[in-house]
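In the two assemblies presented below, chain A is common to both, partnered first by chain B and then by chain C.
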Partner chain A sequence: MSAAATAGTYSPASAAGEKRRERKEELRRHLAEDADWPRADGRSFHDCRPAFMQTGPTTAASGSAYAEFGKTKVIVSVFGPRESKKAMLYSDTGRLNCNVSYTTFATPIRGQGTDNKEYSAMLHKALEGAVMLHTFPKTTVDVFALVLESGGSDLPIIISCASLALADAGIMMYDLVTSVSVSCFGKNIIIDPTSDEEAWQDGSLMVAYMPARKEITQLTLTGEWSDGKITNAVELCMDACSKLCDILRERLKDASSLAE
Partner chain B sequence: MESRKPPPSALVDNHVVPGDVVLDLTEMTNQTIKLGAGLRQDCDTIQATSAGRLRLSKPNKYWVESSQKRYIPSVEDTVLGVVVDTKPDNFLVDIKGPNLAFLPVLAFEGGTRRNIPKFEIGTLIYARVVKANSIMNPELSCMDATGKAAEFGQLKDGYMFDTSTGLSRMLLSSPTCPVLEALGKKLSFEIAVGLNGRVWVNAPSPSNVIVVSNAIIKSESLSGIGQRSMVESLLERLS
Partner chain C sequence: MVGLSEGEKHFIRGGIAQDLRTDGRRRLQFRAISVETGVIPQANGSARVRLGATEVIATVKAELGKPSILHPDKGKVSIFVDCSPTAAPMFEGRGSEEFSAELCVALQRCLLGGKSGAGAAIDLSSLIVVDGKVCWDLYIDGLVVSSDGNLLDALAAAIKVALSDTGIPKVNVSLSATTDEEPEVNVSDEEFLQFDTSSVPVIVTLTKVGKHYIVDATSEEESQMSSAVSVSVNRHGQIRGLTKRGGAGLDPSVIFDMISVAKHVSRQFISVLDSETLAAEAAE
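Then we have the complex of A and B:
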């Protein structure tokens, strides 16, 4: 009885693993050819994933936002401004405290979230240039990002979602921050890569950008890039950021008209 | 993407978000303008720094009106605070702001060292913001400008609930908010609204308190007509 039950047990992990291996083999073949190839989700190289964004999912927070880009799902909550802990030294500018965490089920292999400390520091760097810290001295604004499902390009989505949450919380900002990443595959540059594409990239570039001020708050570059390719990639990211900013604006306008 | 530079006051009563250029100063010669909350000057432009509706108070005062869960103290605002600690010289009061507010023990009508009020922790107080500075803790007073107690002081009994700052402004707006007008015609109740997003309701019967509270909470996302019809349906169920 028990032997039969064991034999009939279905393991979704192994089936998913086989599918992933097949996709990676296919990707490897395309990379060897170094020609145009169809992406797994049917997008062209310069197409972003469909984006869904919403404000106010967390009622307890001062401001919050939810973002869904393809399979990547992120929720960001903003608390404050609230009084800094007594242990902290006096500061005539406010503090921005950022924390990125992953749910245990966010990645295909359970509990294998990316380095949260590194992402937290990068989120802080991307946002601190946009937040008017001098408007809330002696106080702290806490930004908590939780990745519900990791489907690639996690950090850019976290940054864009955090920017929306900060605006929802009424924190004074110079401009909204939007972020997009691109991956380099041989001669090709693909925008908004999925986790499978990120696993096989030659290099990646992420830009956090303030469209109204035309300022880059963060630029992260990894892997092998030529000068010309970097210029093209940055321009591509900035253009995508401007379009993403329009979505953020619409969401904020919807939220404030709903409040009235 | 070019930054749009609208003519003066083109965005008034429209929604703006951080980074939006709301005024181009190069097109406004020999004009003095006053900037309120949510706006800043950046070279020859006025930009929004928070999301909300751009408002204009004639002739020249601009600000962004938004609804938030947190409250930024401002002088002369009336607020509902909760006593969280008592010190010899003042009470520490939570007003939903970034810092706790001070309420001096002498900031009451006829306040002297001999008749210091005794408030327990958790007492609800209706007060006025006297000092508001981003660097210092705000200071409250339970007297009006003439030194009279007026409506300020401890609020006993009743029920207090939190709302957004936008809803509390709507409840205090003139002419009277439709939801309060509709409720006032049928029910007798007392209400105190703080600009910090707290509302206190008291009525002879608990059922009235519940009806009034629910009506106010639901009214945030409704139009004037919607508010009246919602109140009517609530009162029908009550009778």
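Then we have the complex of A and C:
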């Protein structure tokens, strides 16, 4: 896979390119150096986007959940535990399969979301530490995540939504898994970045966290970070994950009271 | 690989707890590393790295291409990893695809830096030939030849050595009067530019087995791991990337401790790798 974007057919003129580059450099300086400024959607540095989460949007699945964070919309379905395919070897513990895909209309340019092949493996690793696999030996639980619209911070939202769907399916778990990411601009850290902010970040960090157990199940970092900033960013993420977990628990209580 | 018996597993875990591994190493000790450069003469840069019984080859190929629209003043770098079935039978067919993708993404995270280019291993602006029109595209390919654990560290080391072995042909550009026309490029056969690889990081993976963590885990030790943290550190002690692997959760304070231990261990690893690289280039 290629990390670079595909070259388009547009060939900009030098003068227009120069002007655009100056504007871009000015914006980068503004992002990196100014101490505090409202973000494009009015949030401050450490504000998350408003979260809407709901269980049970898919009737055919054992469990399902829908999540909206700003412009990012994700739907996750859970099937199983059900019989593993015959090709699979016998296993004392259950299997967890995760698949993340994008709709063709999820990104501003049609079909651009197919570059995120690693999201399935990362979702699997984030959930693996939380699901009690030993409670369903020889069987398989399938988690299918579909990104309906990509507005930034897609993977953390997929992880949180998937753990809500697993709980809705009645799969035994040690704790809910919630996930938050931050972006780094110079010396500033902003939480829950949008896709516009992600496009210009100096570095990013994502934490998947089990708040009740105080354990990190997934942690990835890229770009330029100093030690102190890593610690601050991880603690900021863990705090946001705890608050998000409270929201998830409320949704589960609402769903169970409705079912009665 | 054949499975381990319960006695073998207990022996491995007990040895790690007593700071004496099955091959006699201590917890924070690497296996012997050997480096060869220029193993693939057709490539612009290449290296073969052997870390114990793990062997990988990395090559760098440079091609002229068009810069991305978003970053017209930067060249492009792509990283690919191939796990060959010759390395291990589990890499047969589709089994290696997911593992290769995982290694590939971890390497990208450590070497390519943020979206703005900050923290990248190579200064991408040095790959530009004509702004907005012509740039160098670097294709970094990693091949796993033999697998005995700790592939990520070996691949990162091989890529670092391959980049220091890389020579990019010098390009002379004659700009036409009309700015919209494609410029003529003349690629030199004799003059070559080399990268400044002082900021290229290495990856140190700390694997948690029981209550302790070890560096440079073998396949058998990796089968006993609960989780692992791969930290990318460069010569200046700056962290460029981090990936947690394995399914079990980790306490945040343990992760911070692993990060500081990785920085400490990487200093010696980088100096050993640098001296091996100089020796290999002298012998070439």
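Structural remarks
We adopt the following convention: the second predicted complex is superposed on the first by the 226 of 260 C-alpha atoms of A that agree within 3 Å, B and C clash if a C-alpha of one lies under 4 Å from a C-alpha of the other, contacts with A are read in each partner's own complex, and residues count from 1 in each chain.
Rule of thumb we're sticking to: a contact is a pair of C-beta atoms (placed from the backbone, for glycine too) under 8 Å apart; a residue touches a chain by one contact, two chains touch by 3 or more.
Here the structure is a predicted model, which is why all the values come from computation and not from measurement.
Put simply, more of the residues of chain A are touched by C, taking chain B and chain C as the two choices. Looking at the shared chain after the overlay, A:V234 reaches chain C, while chain B stays out of its contact range. Judged by the touch definition given at the top, the superposed model places A:R213 against both chain B and chain C. Once chain A of one complex is fitted onto chain A of the other, the partner contacts of A:G203 are limited to chain C, with no touch recorded for chain B.
In the superposed model, A:S256 lies in contact with chain B only, and not with chain C. Residue contacts after overlaying the shared chain place A:T139 against chain B, while chain C stays out of touching range. When the two complexes are overlaid on their common chain A, residue A:P81 makes contact with chain B while staying clear of chain C.
Comparing which residues of chain A touch chain B with which touch chain C, the overlap comprises 130, 210, 213.
By the touch criterion stated above, chain A contacts chain C in their complex at residues 1-8, 10-15, 17, 21, 28, 117-118, 121, 125, 128-130, 184, 198-205, 210, 213-227, 230-231, 234-235, 238. The touching residues of chain B, counted against chain A in their complex, run 1, 3, 15, 17-21, 38, 40, 47, 49-53, 66-70, 98-100, 134-135, 164, 166, 220-221. Those residues of chain A lying in contact with chain B across their complex are 61-63, 80-83, 92, 130, 132, 135-139, 167-176, 210-213, 242, 248-249, 252-253, 255-260. Of all residues in chain C, only 65-70, 72-73, 76-80, 98, 101-102, 104-105, 108-110, 112-116, 118-119, 131-133, 137, 179-180, 227, 229, 238-252, 255-256, 259-260 touch chain A in the complex they form.
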